[in-house]
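Chain naming follows the written order as A, B, C and D, and within any one chain the residues start at number 1.
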Amino acid sequence: MAITSIKNLKEFSTNNDRFEGAHTLCPGCAHSMIVRELMNCTDDNLVISANTGCLEVSTAVYPFTSWDTSWIHIGFENAATSVTAAQVMHSVRKKKGTLKDNDAPVKFVAFGGDGSTFDIGFQWLSGAMERGHDFTYICLDNENYANTGGQRSSATPIGATTSTAQAGTHSYGKKEKKKDIVAIMAAHGAPYVAQLAPNKWKSMAKGFQKALETEGPCFINTVSPCCTEWKFDPKDTIGITDLATDSLMFPIYEIIDGHELNILYRPKNLLKVEDYLGAQGRYKHLFKPENKHVIEKIQSDIDKNWEMLQRREEARI
Amino acid sequence: MQDLKLKANENRGLHQLESGKDLYGWDEVTQGSVLPSFEGDASKIAHLKAEERDYSNYNSYTATVASWRVKKPVFNIDVCIDCQNCWVWCPDSSILSRDKQMLGIDYDHCKGCEVCVEVCPTNPKSLLMFGENEDLETALSQWPEKKKKEK
Amino acid sequence: MAVKYDLNEREVWDGNFAASQALRQAQVDVVVAYPITPSTPIVENYGSYVANGYIDGEFVMVESEHAAMSGCIGASAAGGRVSTATSSQGFALMAEVLYQASGMRLPIVLNVVNRALASPLNVRGDHADMYLGRDSGWIQMGAFNAQEAYDLALCAFKIAENHDVRLPVMVHQDGFITSHTAQNVYPMTDEAAINFVGEIDPVDDMLDFSRPVTYGAQTEEDWHFEHKAKQHKALMDSRPIIDEVYEEFAKLTGRKYNRVESYNMEDAEVVIVGLGTTVETARVAAEQLREEEGIKAGVVAIRCFRPFPFEDVRDALEGAKAVAVTDRSSPGGAMGAFFNEVSAALYTTESRPLVTNFIYGLGGRDFSIDEAKRIFKEQKAHADAGHITTDIQQFSGLRGPHLGYFQTKRG
Amino acid sequence: MTEIRWHSRAGQGAVSGAKGLGDVVATTGKEVQAFALYGSAKRGAALRAYNRISDEQIFNHAKFMYPDFVLVIDPALAMTDDITMNDKESTKYIITSHLSKEELIAAIPALADKADRVYVVDCIEISLDTIGRSMPNSPMLGAFVKISGMFELDYFLENMKRVLSKFPQKIIDANMEAITRAYNEVK
């Protein structure tokens, strides 16, 4: 497999983009940063699928495609299924010798937003992971149904306001905890599972490369700040991601073979979660006195989660 | 240096889809709405730079979103250290980088999000936002001096 | 290289086994499936052929029918030969992605073993699932017995993969009545079958990396209509190609299929128009009535439900006086859909025969020769009176008081 | 056209019996049909299976029939199911039972006027003795061969061996013995 050098950014930048501009994602959208980086991590051919979502409706709007690789979108829920079936077809045709170029190296990748990954496509994802196909699934987690105007998903954190879990005089927004998709995917016995963030480009690139190199079903959850629904200035996408990783709201770690957990980033200067929440409009209401307990709850959840991750890393079980 | 013709092949921006022109009939649309990205053999596409590729008219590379922009980033090569921060985080594949060097901005694809300016580490920054109609020379002439570190 | 499978010149196969043998002989590359009664044995058998080396393909058991068709789409876009099978609720769960398969012009062959749709739950045969697919943009062909389930499955690959068609094809057979009924089946040799079907020549192959393609683009009001029009034209234009494939098949086997089948129609005055096994039972009734009572009864069957053979139906029925169109699907507050389509065709004829609608056989309710005879006799009464003498729509074979709707304004 | 109706419970092998019979009949050049109505029926549920045999292609797909033969392979169903439904004056009954023919007819009033067309054989006991478990379908086929006179026993046995060829030899032998015994024991 042709893995591109990620020794440093200069080396990495010699890559030739295979995700083209003039797509119609919002200015400052992290989705395309993540997709570009994945595609720049390898020189192999790629077969990519996407669930319905922002990425899909912005990169293949007839008569334009932004994809320089084979790409397929079917429906909201089945990117994992379509790309893994293509992978099965590849193995059959390779065996039969009916491919145009039988030796061309190829990787199979599926993208989904948190809506299609955590919610509507969960069964399809789970099935594909269980079947053990050789593919990588990447969730672009912007913690809401951004494509349809910002409704809650099961990835939306406690306290965020969304159009279907609104903050108001009688509500502080979403009441339920974010689903731990990484743990669920690790529990499928996937050989490589990780949570990564685009501000830490190198750990993200390393994780992508590991996933592409690892045989079997790999899963990566990437935080993808959404300036439109999180309500911050598009220029701050990377800055917000810094706050997410440095407050440990979004810890970066990998789990190998379902049990071996490695923390990939430890903030030198650990921030309070207020710094992260305060930078986004979706959490503004939490700073009212009556909602102070929600911020405390979020901080305490973060602390507990970090403790758990560290202990799991130590325990190697 | 910023005037390199790296950014586009000849047919870029020819489609006038947003204006409702160039919409053709049912007999001319592709079978199954399938879109081929290139003309000719694209087997080695990962090893070709944009200017060496034979993009099809269906590739969004040939289109432009320049009109989305209100402000534009201007690049000052004299300050740049080629760190490639802007390249790695540009969401619109609009940073023209060749052989580890930052060369300029693809203004057909840049939406003016300003991420490149934010992530630029030099002092002063090598990318700054200017009005869409500001010309390069005027912009460069207004470049700020190096800021002293606040103590 | 696949292991040789021993075949006899004459086999006793049920419809499911027959269909699975067609998948084996066509050397289907990938089957993505989820089991559902009564279609399950088709994909089980394919799996066993893979497990025993009779086929160089892969069997992917997924977690739902929606995923099964999603996988078929991914695999088909990846350029190989793809098939699966389903029924009823599974078909309903697939419905979303059926439209995607046809919209992307992927030559998938789906064996549909017809079964009723709940509620109430029922595992037996009616045509509710088949009707659910009627606007999905697939070619839909109907087999009336196990032999035809086998023959049409082979034809289906050849039609679907034809570059001028490139549309997915459903081959329907009646749940249990065909799928689980063993009958004499005369298979082709493996060599003859694969020579007939041919190798697939992929179009817009996702695994041809010299030409990357994007499948499943978004279109809004500016493009969607044009794509749908092009797709409709492909479906309409498939008619002569279907005919050619049937012709070629007849040359090899002596078994000639037509998009519309006519039995005893040369001089028929009263006719049953039907789908599936009903057609064959009605044929027996028509012959008996001719012998016993001299009633000029005939049967017209729709082999190809989609594209709907508007002209051929009209031609087949133009000489008839009274026509009973039978719908084996709960009509949901309307006349039977099949009745509506046949009536529309007949409305454009000079003769405009008297047309009535029978809703029958729901949930696998038996359709007997005696019932077919009763329907023929009613048609005879209409023909003699010169107008429809009963309700236009009637439920037939139903317990309890008569249920029927609408009376004629003619005569 | 010869029509046969089987009365059985799911798991007793009526479906395989009907298909096996069809398979053998087809080798004689006849057209056959073998089907059953089941589906979500679990082991033990009553079911009916059907055969049609004809010199010409069989078009009738109805389950409704005026059977020429009624084969009952479950002793209790002989009492509880409507085994004489749609019968003809010539319909022959072959019934699995440990009872004698007289005792059986006495227990089933519907058979009272059909005594000359009722045949009894204990397929359950025969299958327990030969195959080692209750599998009354094979013995019933032996009884049917005898009563119908459709085949020579040896011809039927040879062809049944082919139908059963995927099974181990021991099982094939046991089935041959079961068929032969029922052929000889049916009264």
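To be clear about the criterion, contacts are C-beta pairs under 8 Å (C-beta built on N, C-alpha and C of every residue); 3 or more make two chains touch, one makes a residue touch a chain.
Treat the numbers as computed from the prediction; the structure is a model and nothing was measured.
Steps from chain B to chain C, taking the shortest chain of touch contacts, total 1. Of all chains, the one whose Cα centroid sits at the greatest distance from that of chain D is B.
One simple way to say how far apart two chains are is to compare their mean CA positions; for chain B and chain D this gives 80 Å.
The distance from the centre of chain A to the centre of chain C, each centre being the mean of the chain's C-alpha atoms, comes to 43 Å. The distance from the centre of chain A to the centre of chain B, each centre being the mean of the chain's C-alpha atoms, comes to 25 Å.
Between the CA-based centres of chain C and chain D the separation comes to 34 Å, rounded to the whole angstrom.
Chain contacts: chain C has residues 209-210, 212-217, 219, 223, 227 touching two or more partner chains. Residue positions of chain A touching 2 or more other chains, listed in rising order: 45, 60, 62-63, 65, 67-69, 101, 104.
Touching two or more other chains at once are residues 17, 29, 33, 35, 37-38, 42-43, 45, 58 of chain B. Viewed as a network of touching protein chains, the structure does not reduce to a path, ring, star or complete graph. Listed by label, the pairs of touching chains are A-B, A-C, B-C, C-D. The part of chain D that touches chain C in the complex is made up of residues 18-19, 22-23, 26-27, 31-40, 57-64.
The part of chain A that touches chain B in the complex is made up of residues 2, 9-14, 16-25, 27-33, 36-37, 42-45, 59-60, 62-69, 101, 104, 198, 201, 233-239.
The residues of chain C lying in touch with chain D in their complex are 10-12, 14, 37-38, 123-124, 144-145, 174, 176-178, 180-184, 277-278, 280-281, 283-284, 364, 366-370. Across the complex, chain B meets chain A through its residues 15, 17, 29-30, 33, 35, 37-38, 42-43, 45-50, 53, 57-65, 68, 82-85, 87-94, 97, 99-100, 106, 108-115, 117-119.
Within the complex formed with chain C, the chain B residues making contact are 17, 20, 23-27, 29, 31-38, 41-43, 45, 58.
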